[in-house]
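As written, the chain order gives the labels A, B, C and D, with residue 1 at the start of each chain.
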C-alpha cells in the first residue's frame, strides 16, 4: 500500500505542479491561441491531479482529501519530478518542458491503462486521451519552432540543453517502483524509456534540433530527486503562493 | 489609542515591507558594495520594524507581538505605503524608491523625535540616525547615476516617472492623523511635504533629472491607499512568501 | 444618400447586416471600435483573475477559474474574428491597444486583492457585462450578434460561479465574510461605471442606437443592474456601500448614488491603480512572444516552399 | 635559486611575506587561486542563504540572517582586497568566476530546502570553513593571514548562530525536528567534501604546505571536523547519516565513511543540483549591473573633468 500511495502521489503531484506552472502564463502567452491552449492543459492536469490525489488519500486511509494533500503538505512531502517544477522562463522553455514531460506522461498513462488495479486503469484511461492531445500539440510546436527561424531554433536548442539533465529522473526505479512491478500494478519506470527515447529522437530530428546525448542527470542519486522529496529551491516558493489561503485560513471552506 | 496604533502600524509596516523588498537583492546587486549596503539598510529597517510593531502590539493591548503582527496579518491589515511595496525592477528603480522614501522617512522621524509620546521619541531617535545615513547614500547615488552616463540617466528618469505617482500618499492626512496632531503626538503628514519637496527638488536638480511636476497620485482617494489597507496586487504575493513558515507551522518556535 | 436610407431601413426592419454588404463608413468604424474594445477587455480581463489562479484555495476553485479565464481568451478570439469581418486584422487591433489608441474596459484597472474579488468580479463585473451584452444579441451586425449569443451563454455561467464564491464566503468565517464585504465595497462603484457616463454626457449614443449597435442607454442599463444586484447583495447579507440607496416605489426601481465620475475619467486617462501594470503586461507578452510568432511564420514559409518544390 | 631558498627560509622562520616583497611566481599564483576561490565562495555563498531571508520565520531570525549575509559580502570584499595586493584586480577575478575558469566552494551548489538548512549551513558549512580557516590565520602571506583573523572571528559567531537554529528546531515540534534531521542528512557528506579529496589524491598539497599556504592536510582537517561535530549532533539528538561511524579508542577519533567522491567530482565539473543557477545568478547580477557601474564611472569622469576645469 505504501508503494501504491507513493505512486499516486508522484503521478498526482506531477500533474499539480506542472498545472500550476502552466497557469502562471495566464494572460502572458505570446498569442491568444497559446493562452487558451495553456489554460486548457493546466485545466486537464488539475483535473487529473484531483483524481490521483483523491485516490491517494483514499488508499492511504488517513482521511486526507485531494485538497489536503495539495495544500497542506510542505515541499519535502511532494513527490513530483524536478522537471515539472522548473521555472517557466521563456515560452520555448515552457514548451520544451511540456514536450519532454508529455512524451513520458503518455507512456506512463498507456501503461497505467493496463494496470491490474482498476482504479488506476480508470483514471488513466481518461487522462491518456488528454495527454495524447497534449503531446500532439507540444511535439508539433517543438518541430515548428525548432525548424523555424534562426532565433526560434536557438531558443529551442537552449531550452533542450537546460532541461535535458532533468529527464533521467523519470526513468529511475526504486523500491516502491519494484514493489508495484512485482505486484503487476505498474511496469518499472525504466521500461518506459525506450519508447520515450524513440519519440524524443524522432521529434528532435524533425525539429532539426541536436540531441543532447549522454549528459549528467539530476536527481538520480540515492540522496536526491523529486520522487524522493528532495526538490529544487523553486518548489518552496511555488508552494508558498499556491498554499497561501489554506495556510492563512485553516479550516475555512471556499 | 486607535490612532496611535494605526500610526505605529503604518510606520512599522513601511519599514518591514521595504526591508523585505531590499533583502530580495541579496546576492544579486550590481556591485559587492551594494550588496553590503542593501543588506545593511534592510537590517536597519527590520530592526526599526521590530520596535514599532512591538510598541503597536503593546499599545493595542491584545497580546500581539511584533512577530504576530508581521507574520499573521493578511494584506488588508497592512498599513504600509504603496510606494514601499513596489517591485524592485532594475537597480535604478530600487534606488529611486529608496531615495523618495528616505527623504520622507527622515522628515517623519525628525518630527517623531520631538513627539510628546516618549516611547515614540525614543525609537525615532535611534531610527533617525539610520535614516539620515540611508538618505545620504541614496541621494548620493541618485545624483551620480542621474548625472552619469546617458543610460544611467535615462534609467533614473524612467524610475522617477514610474514611482512619482506613489509619493502623494505619504502626505495625505486622515482622521487618525488629525487625532494624533490634535493630541500633539505627531504633526500632520501634509506638514512634512515642504521639506520633502525641497530635498527632492534639490537632489533631482543636481542629478540633472527632470522633476515630474504635477501628476495624478495613487492611493489618495477615500477608497484607496496603503495607509488604509487598500494595496496593490504585489503585497499579497510578497506576504505569501514572507509569512509561509509561520502560516504552515502555527505555534512553532524558531 | 439613397444607399444610406436603404441601409437604415434594413436596420429598422431588424435585418442583419452581413460582412460583404454595403455599410456606411461610420457604422463600420463605430463597430470596429466597439468590438475591438470588447475583445481587448476580454484579454486584459484575464490578468486580474490570473492573479489568483495560482492561489485558488481549492483544486476545484482553481479548475473553475482556469476554465473561466480560458473562456475569456476564447471570447477574445471570437470578437477579433468578428472585427476582422469588418476589414481590420487582429494584429492591427492589438497594435492599437498596445499604443494606447484603443481602450479596454476600465474595470480591469482595479486590483484583485483577495479571493473574494474572484467572487465580486464574477458577480458584479460579469453581471454588468451581461447586462450590456444581452441586448447586443439583437444588434444589427450579424457576426457581432452571433458572437454575443455565444458569449452571453458562457458569461451567465461565470456570473453564477462568481455569486457562488460570494455565497461560500458569506457563509464562511467572519474573516471570509469581511473579505466579501470589502470586495463589494471596492467593486460596487467601478461596476456602475462600466455602463459609461450618464446619458446626458454620453457621446455618439444617438447614432449608435439608430444603427442598433447600442440597444439601450447607459442609464437604463445601470438602473437595471442596480435593481438586479441589490436584492442579491441582501440575500448574501452584504451592505451595498451607498448610504443613499433606497427603493423608489414610484419608478419601481432603486434610487442610488452616482459613481465619482472624476475617478472614471482619471482611470480612462490611464491613472487607475493598475493601468500601467495591465497594459505593460500585455505589451511585454507581445514583445516577448515576437520570436515565437516569427518562428511559426518562418516554419510555415519553409513548409510552403517545400510543398512547392515537391510539386 | 638563492632567492627561492632565502624566501623559503623566511617562511620556515614564520616571517610574514608582504605585498611588495619578492615571491616565487608559483607562490603568487597559488595564493591568487586560493584567495580568489575563497572570495568567490563568500559571494556565491550569499545565494543559498539569501533564498531564505524572505521567508525567515521571525523578525529576529530575519535580522540575524541578513547580518550574516552582509558579513559574507564583507568577507568577499576583504579577500578580493587581499588578492589585489598580489596584482590581480577584483574585476579580473570576477571575470574568471563568470567564465567558469575559477571555482567557488562546491557546497554552495546544493540547495537550501527548509529553514533547518539555515541551521545546518551555519553549523556544518561554516563549521567546516572555520576548521579550514583557523590555521590559515598563521599562513605565510601577511594580508591573507590578517584577513583570516578578521573573518574567523565572524565565522565562529555565524557557526554559533547556526547551531542555535538547530537547537531550536530540535527542541521544537516533531516536524521541526524532522527538518533538522533531514538537513543534517543532506549536508553531512557535502560538508565532509569541503576539505577536498583525500591526501593521497590531492594535488599541489605538498608545495602549498611548504609555503605555509596550506597548514594541514585535507584528511587531518576532516578528521578534526568529524571529531568536533559528532558530539554536537548527539547533543542535538540527531543521527549522523553514517552507519559506520564509531569511536576509535586507539586513534582517539571517529572512524567514518568517506563521502562519495564521484559526486564531488561531478559537482566540481558543473553538475551539482544548483551549479547552473548559482553561477547564472551571479552572471546575471553582473550583466544587469553593467549600466550601474558604467554610470558611476561616467559620473566620476565628469566630476574629475569639472575639477580640472575649475583649477
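We take it that a contact is a pair of C-beta atoms (placed from the backbone, for glycine too) under 8 Å apart; a residue touches a chain by one contact, two chains touch by 3 or more.
This one's a predicted model, so the numbers in the text were calculated from it and none came from an experiment.
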Centre distance in Å when subunit A and subunit B are each reduced to the mean of their C-alpha atoms: 42
Gap in Å, rounded to a whole number, between the CA centres of subunit C and subunit A: 35
Between subunit C and subunit D, centroid-to-centroid distance (C-alpha), Å: 57
Multi-chain contact residues (two or more partners), subunit C: 55, 175
Where subunit B touches two or more other chains at once, by residue number: 74, 236, 240-241, 244
Graph class of chain-chain contacts, one of line, ring, star, complete, other: other
Chain-to-chain touches, reported pairwise for every pair that qualifies: A-B, A-C, A-D, B-C, B-D
Subunit A to subunit B touching residues, read off their complex: 74, 236-237, 239-241, 243-244, 247-248, 250
Complex interface listing, subunit A residues touching subunit C: 16, 19-20, 23-24, 26-36, 39-40, 42-43, 46-47, 49-50, 53, 66-67, 70-71, 90-92, 143-145, 147-149, 151-153, 155, 241-242, 244-246, 249, 251-254
Partner subunit C, residues of subunit B touching it in the complex: 74-76, 162, 165, 216, 218-219, 221, 223-224, 230-233, 236, 240
Complex interface listing, subunit D residues touching subunit B: 43-44, 46-47, 49-50, 53-63, 66-67, 69-70, 73-74, 76-77, 80, 90, 115, 165, 168-169, 171-173, 175-176, 281-282, 284-286, 288-300, 302
Subunit A-facing residues of subunit D, complex: 48, 51, 55, 111-114, 175, 179, 182, 185-186, 189, 260, 263, 266, 269, 271, 273-274, 276-277
